[in-house]
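The two complexes that follow have chain A in common; it is paired with chain B in the first and with chain C in the second.
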Partner chain A sequence: MSLYVYLYGVIPTPEDGDNPFSSHKGIDNEHELQMKNYGDISAVFCHVEEEEYGEEVLQEKTNQMDWVQEKAFHHHEILMNIRERTALIPMKFCTIYQSEANLDDMVHNHQDQMKALIERLDGKEEWNLKVYCDRDQLSKNVADHNLNIKEKKDEIAQMSKGRQYLESRKLDQYVQQEVEREQDAFGSALHEQLTAYSVEDTVKKNWNRDVTGKDEEMCWNSAYLVPLERVEDFLEIITNENEKHKSSGWILEATGPWPAYHFAKLT
Partner chain B sequence: MTHREAYENKEVGLIDILDTVLDKGVAIKGDIIISIAGIDLVYLDLRVLISAVETLVQSNMDAESLSSDRFDQEKEELTNATERS
Partner chain C sequence: MTIEHPTQSSSIVDVLETVLDKGVVIAGDIRVGLADVELLTIKIRLIVASVDKAKEIGMDWWETDPYLNSKAAEQNTKQLEDENKELQKRIEQLEKNANAGQSNRFV
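So, the complex of A and B:
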């Protein structure tokens, strides 16, 4: 059975040439982390057994949530470790090559691009923002403060029973629409403040509560690439805004610094 | 303590990691035998949840497109139904 190559990321070649990661075990908990030098850049990888990381086996394993959880954490931990020492192009979870020769080909084909990308990412950090909100509280706020809704409620109270039912349903729908508009406006306004400090940004889709496991609803999900000297100001906005809007049911969660998962792109 | 230190030391949840590690990062097509997230087969057991998410998104979109015309039409149908009974 042959050895496959599990690639974590690509870094600028360390000046002393030593492999600073040799003490780490790879994803299979057996093979050690290796560094392969390609001139200015180096690849950080580990070997894995084909019988454990072949395509079919992997399809199977990715159906086991605890396997994914454990391995995704490992992948992330290694990348965090690398990120602390050096600039880094992070690879996706389970980026696997069939042989070292294939890895060599890939790196050679993308060498210039990778060098440029590393330079672009250097001196910057990725920070992620997720905004959650208490939907019930927000619905109540919207219903209490929106004059249209108030008027409509009074109107409905005067109607016949049958119409009341239909009109209330319509009004509920309108309230929910307003809530969503409010959520989006809140996220956009915050996003605009933050992008003043970032050089790149991306807005992602929100996850529902089945995925987040939270009581509050996710209503904004975004990532930013922030120059080191601006990180403090960037985070201060989040801290202040969180403080300011906590009582109205908003929760702002910033995480980082991350490897530049969202901003490391090669074509 | 700086803001950065305060945030850096916060615990990161599984959702944050999956949201980045599985979804993003560089994948170079070609010799990669499998880049799971690239072909969207991951998110694994989350897959089920994801499809739930997609359904939810879809139904939200439908709700938005529920114009007052359609609403009136529904209302009429309902009225008719009640009248018949």
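So, the complex of A and C:
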């Protein structure tokens, strides 16, 4: 059985040429992390057994949740570790080659691009922002402060029972629309402030409660690539805004620094 | 406001969302068909949540607890009942209106 190659990421070649990661075990908990030098850039990888990481086996394993969880976290831990020392192009989970020769080919084909990407990522950190809100509280705030809604409520109170029912339903729908608009406006405004400090950004999908496991609703989800010298200011905005809007039911959550998962792109 | 180190277990969703979904995609030699990230995250989060909880109270109540199951069912029934009542009311009202406007009936 042959040895496959599990690739974690690509880094600038360390000046002393030593492999700083040799003390780490790889994804199979057996083979050590290795570094292979390609001139200016180096690949960080580990060997894995074909019978454990071949296509068919992996197909099965990726359906086992505990396996995915353990290995995804391992992948992430290693990348976090590398990121602390050096600029890094993080690979997607389970990027595997059938031989070192195949890895060599891939790196050679992308060498210039990778070098340029590493230079672009160097000296910057990825930070993620998630905004949550207490939807009930926000609905109440909107209903209390929106003059259209207040007026409409008074109108409805004067109507016949049957019409009251229908009109109330319509009004409820309108309130929910306004709430969604408010959520979007809040996120966009915050996002605009933050992009002044970042060199790149991306707005992501909001996850529903089944995914987040939170009581509050996610209403903004974004990632930023922030130059090191601006990280403090960037985070200060989030802290301040969070303080300011906490009482109205908004929760701002910043996490980082991450490996530049969202901003490392090769074509 | 929380600034978390992303490896903390509390940010399991963040980690999965990014690790399974992002990062440089250069076709490796092995094709890995990961299931939908959203679904994976839900499943894994549920496992982790139940394991944590089970550890906390020292038993595997989450699969077999009849109270939790019946409570969920109860809530469901109540919701249906409420909806039913509301619909009844609407029908009555519509019928009244229809009777009032007999000349417009096509039946």
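Keep in mind that, in the parts below, the second predicted complex is superposed on the first by the 267 of 267 C-alpha atoms of A that agree within 3 Å, B and C clash if a C-alpha of one lies under 4 Å from a C-alpha of the other, contacts with A are read in each partner's own complex, and residues count from 1 in each chain.
Here is the rule we go by: a residue touches a chain if its C-beta (ideal position, glycine included) is under 8 Å from a C-beta of that chain, and two chains touch if they have at least 3 such contacts.
Source: prediction; values computed, not measured.
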Task: After lining both complexes up on chain A, report clash or fit for chain B versus chain C.
output: clash
Query: Can A:232 be said to touch chain B (first), chain C (second), both, or neither?
result: first
- request: With the two complexes superposed on chain A, say which partner A:143 touches: chain B (first), chain C (second), both, or neither.
  value: neither
Message: Let me test your reading of the model: by the given contact rule, A:106 touches which partner, first (chain B), second (chain C), both or neither?
response: both
Task: Classify the contacts of A:252 with the two partner chains as first (chain B alone), second (chain C alone), both, or neither.
output: second
- prompt: Touching A:242, do we find chain B (first), chain C (second), both, or neither?
  reply: second
- prompt: In the superposed arrangement, does A:261 touch chain B (first), chain C (second), both or neither?
  reply: both
Message: Which partner chains sit in contact with A:156 here, chain B, chain C, both or neither? Use first/second/both/neither.
response: neither
Query: Does the superposition put A:54 against chain B (first), chain C (second), both, or neither?
result: both
- prompt: Between chain B (first) and chain C (second), which, if any, makes contact with A:98: first, second, both or neither?
  reply: both
Task: Jot down the residues of chain A that show up as touching in both complexes, chain B in one and chain C in the other.
output: 4, 54-55, 58-59, 62-63, 65, 68-69, 72-73, 75-76, 89-98, 102, 106, 110, 128, 130, 162, 207, 210-213, 235, 238-239, 254-256, 258-259, 261-262, 264-266
Message: Show me the residue ranges of chain C that touch chain A in the complex, using the header's touch definition.
response: 1-7, 11, 13-20, 22-26, 28-35, 38, 40-45, 47-49, 86, 89-90, 93-94, 96-97
Statement: Residue set of chain A touching chain B in the complex reads 4, 54-55, 58-59, 62-65, 68-69, 72-73, 75-76, 89-98, 102-103, 105-106, 110, 127-128, 130, 162, 166, 170, 173, 176-177, 180, 204-205, 207-208, 210-213, 221, 223, 231-232, 235-236, 238-239, 254-259, 261-262, 264-266
Field: Contacting residues of chain A [partner chain C, same complex]
entry: 4, 7, 9, 53-55, 58-59, 62-63, 65-66, 68-69, 72-73, 75-77, 80, 89-98, 102, 106, 110, 128, 130, 161-162, 165, 207, 210-213, 235, 238-239, 242-243, 252-256, 258-259, 261-262, 264-266
Field: Parts of chain B lying in touch with chain A, wherever the complex brings them together
entry: 2-4, 6-8, 10, 12, 14-28, 30-38, 41-42, 44-46, 49-50, 52-53, 56-57, 60, 63-64, 66, 71, 75, 78-79, 82
